[in-house]
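Below are structures written as structure tokens.
Below are two complexes that have chain A in common, paired first with chain B and then with chain C.
Our next item is the complex of A and B:
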């Protein structure tokens, strides 16, 4: 890990841990949880779509599956209260991820726009299932999860906040690991030229499925934490196309295929969205404002925040170097 | 000489056009075989059929004595049959070394290991040096000139230790110095036992380098033999000069 990377990661972790301790107003911690939730979703979306170039619009289906899986596990197995349900999350994530592989294998036979549409239908299929599998999900009347009573009233939000923070860090660690591993090399070569990658003997489908598994694994756990936090889930909210669009927009905003881009995107967009919701929420104007934030960034930094800044830094350095060189030559 | 690659009755139709028409030829092991013919004679299509990038309507391919029933680029590359493309195809956002290492066929167990391990880097640098582009090793491949990209693509397919390399117009659009370099590379690799099948329009190069030469016209084989035989074959002259 480079020194800068270590610093950046350390600063993020420190700020993440400190935030609810410094600002313990419930509504602020609530915004923090939402921001981290979107950050985790955006980072794991980027983990698959950013690295392979396959745009999936079905990620939220697995968020919903994670939420319902945890809810149903609660109902049928009584996984206790307090911190215990958090320990079940990795199992939920892994199960949802394995269950998604056959569907992914079929979807991955298509490419580009077709893949985006095929995965988008997944989202609606899962939502329909949530509506109609009454015996499991209670349909549109929703599913209740027990409220954790051991967390206390004052800092009730904190455990959920730290759970989300942990998932963001997990997703970032996976991305970081991928970027420096053979898997990353294989994924990037698929993104650049899949046909050529096949010609070199890279097992493209299996490679994409590994990335797919990892992105669903994180996504489903995020869904689980979200369900436990709200203690009440229903089909429209747990499989919400707007959440999907949010995660994708944040990734584009911050910079697709970069490590920190999706986090930066979430840090900008979620607080902006919440601010507008509070101040303009009475009218539909808040969606207009939300869109405006995005348009301004697209106009100023079209390739996303991180790549644009990186280019700017490189350009400035080049300019300084040539200027320095010219000055020396003049002497 | 035993045949490393045998093509028998290969046929491909695109709608009403028969691009490759009952084409049969063999690539002897240890040879540099040329596949020549006028534009549109089906050379690249034949390449695509052999390497599994397109599905043949009829015909059989045998590689190293075993029938290839459903040619698949991944499996073929892993069994030692690889190719380059007419328009050099490399991964522009990766560095040269990364391009080289990506071309190593990895077992599943090494998927989570370091992207470029030291011995892999050394092997890549060695090959890049043979191709005269080692000084650009950590440059983005997208920054290379067209000719350098062709060199990189050629060097990269060698990383997987192939037994047969199909080169699609290796010298097209490349400056004369690089043409000499590519010729020298092919000769040296061939001397070390690597077999080549080359599509090429530069006839002087073909006559110097290749034996046997297979001539295609309108998807069928017109002639096959030693370069001097083929050169003096009146049917070949007709096809090229439009008799």
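Our next item is the complex of A and C:
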């Protein structure tokens, strides 16, 4: 890890831990939780789509599956209250991720655009299931989770905040590990030219499935924390196309394929989103505003903030170097 | 048995309308490799336009096709010029997916501001009329919708096979570079066909409002169907889209009758997954090569 990377990571962790201690107000911590939730979703979306180049639009299906899995486990196995459900999360995440592998394998037989569409239909399939499997999910009337009573009233939000923070860090660690490992190199070679990668002896399908498993693992856990936080979930809210597009938008804004890009995107967009939600009222004009922001990001900054800044820095350095060279030549 | 045949008839009639919507989607993909996620929202927009014409000016919904379609053609041309054409670079295709999704959100937002989110339906006096043919019930509006859709699809295929514009379009589908070298104005072809794709959505939408109640959020349901149709048929294949739309209509109707209506649309997704397992490129699709 470079010194700069260590500094960046340390600063993020410190700021993340300090935030709810400095700002007590429940609404601020609530926005913090949402920001971290989207950051975790965006980082794990980037983990699959940013590194492999296969755009998935079905991530939120696994967010919903995670949420419902936790809810259903509550109802049928009595996993207790307080902090206990947090410990169950990794099992929920792993189970959802393993269950998603067959579908992913089928979807990954298709290429590029078709893959994006198949994953998008996956989103609608899971929403339909949540509506239809009435005995498990209670359909459109929604699923209640027990309210954790041990967290106290004053700092009720804090455990959820730190759980989300933990998931962001986990996702970032996975990404960081991948970027430094052979797996990362294999994924990037698939993104650049899948046929050549296959020709070089890379097991492309297996590699893609590993990245897929990891991204679903994190996503499902985020869904679980979200469900426990809200204590009430229903099909439209837990498999929401708007959440999907939010995570994608944040990754695009920050920069695809970069480590910190999705986090930067979430830090910029979630507070903006909440502001619009409050000031434009309801979800009507809010949708128009959201669409407008989306358009601007895609048309003006299609490569994202971090790659643009990096290019800017490189260009300035080069200009300085050539100017220095020219000055020397003049002397 | 009687029930099943009845369901098949209903399914085919509805499938025809979906085929019209999906034809625009698959045409646009074939020409410029753009998936127009806003196709569903554009259908709903057309449904609202025709609803407004009917409730304020008493224009018959089937006649309003003649007004709504040209208007939406112009809208489609503008959308292509402003949003889609400006996308450049290696991942323009993926970006177009997201840009048109944003467009869909924008349309949904504007419609919910103007019309609110209550369900509407365009109900002309003949909305509930049914014909009985050999003992089978056929709703008059659905029959009209099917006949109209089939006629428009015929016009579209004649346009593509018999005119100079159609030849330019097919040349662009086969090989854009070669077509440009032979003097085809690629920009013009792309813009006009995007407009054409949107007007297919418009024509279908004007009729859609008579058959189904709709609200601004209905476009999610529509686009999930339309996307499955074009993938099932094979992206870019017009004939494939028509066949897949009919398959979908029939599957849904039969499952709804024989099993449960709530599982109807789900059954179709199963068909899609099974087909993709055997033929990843769809029924009539050409295998995509690595980019």
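We take it that the second predicted complex is superposed on the first by the 317 of 331 C-alpha atoms of A that agree within 3 Å, B and C clash if a C-alpha of one lies under 4 Å from a C-alpha of the other, contacts with A are read in each partner's own complex, and residues count from 1 in each chain.
Criterion: contacts are C-beta pairs under 8 Å (C-beta built on N, C-alpha and C of every residue); 3 or more make two chains touch, one makes a residue touch a chain.
Note that the coordinates shown come from a computational prediction; the quantities given were computed from them, not determined experimentally.
Colleague: Quick check on the chain A-based superposition: chain B and chain C, clash or fit?
Modeller: Aligned on chain A, chain B and chain C fit with no clash.
Colleague: One more residue to check, A:272. First (chain B), second (chain C), both or neither?
Modeller: neither
Colleague: Scan A:121 for contacts with chain B and chain C and give back first, second, both or neither.
Modeller: In the superposition, A:121 touches chain C alone.
Colleague: Examine A:302 and indicate which partner it touches, taking first as chain B and second as chain C; both and neither are also allowed.
Modeller: Once the two structures are laid over each other on A, A:302 reaches chain C alone.
Colleague: With both complexes overlaid on chain A, does A:109 touch chain B (first), chain C (second), both or neither?
Modeller: In the superposed model, A:109 contacts chain C only, not chain B.
Colleague: With both complexes superposed on chain A, which partner does A:169 reach: first (chain B), second (chain C), both or neither?
Modeller: Once the two structures are laid over each other on A, A:169 reaches no partner at all.
Colleague: In the overlay, answer first, second, both or neither for which of chain B and chain C A:195 touches.
Modeller: Both chain B and chain C are touched by A:195.
Colleague: For A:287, is the partner it touches chain B (first), chain C (second), both, or none of the two (neither)?
Modeller: After superposing on A, A:287 lies in contact with chain C but is clear of chain B.
Colleague: Which partner chains sit in contact with A:94 here, chain B, chain C, both or neither? Use first/second/both/neither.
Modeller: In the superposition, A:94 touches no partner, neither chain B nor chain C.
Colleague: By residue count, is chain A touched more by chain B or by chain C?
Modeller: Chain A has more residues touched by C than by the other partner.
Colleague: I'd like to know which partner A:184 touches here: chain B for first, chain C for second, both or neither.
Modeller: So A:184 only meets chain B here.
Colleague: Quick check: superposed on A, how many Å separate the nearest Cα atoms of chain B and chain C?
Modeller: Minimum over all C-alpha pairs of chain B and chain C: 10 Å.
Colleague: Where on chain A do the contacts from chain B and from chain C line up?
Modeller: Chain A residues touching both partners: 193, 195.
Colleague: Note which residues of chain A are touching chain C in the complex, please.
Modeller: Residues 55, 57, 103, 106-107, 109-114, 116-118, 120-121, 123-125, 128-129, 131-132, 193-195, 241-242, 245, 248-249, 252, 283-292, 294-295, 298-299, 302 of chain A touch chain C in their complex.
Colleague: How about chain A: which of its residues touch chain B in the complex?
Modeller: 177, 180-186, 188-189, 192-193, 195-204, 206-207, 210
Colleague: If we count contacts the way the header does, which residues on chain B are in touch with chain A in the complex?
Modeller: 51, 53, 73-74, 77-78, 82-83, 85, 89-94, 98, 101-103, 105-106, 108, 110-116, 156-157, 160
Colleague: In the complex of these two chains, what residues of chain C are touching chain A?
Modeller: By the definition above, chain C touches chain A via 29, 33, 35, 83, 86-87, 89, 91, 93-95, 97-99, 101-103, 105-106, 108-110, 112-113, 117, 220-221, 224, 227-228, 230-231, 235, 262-263, 265-266, 269, 272-273, 276-277, 280-282, 288-291.
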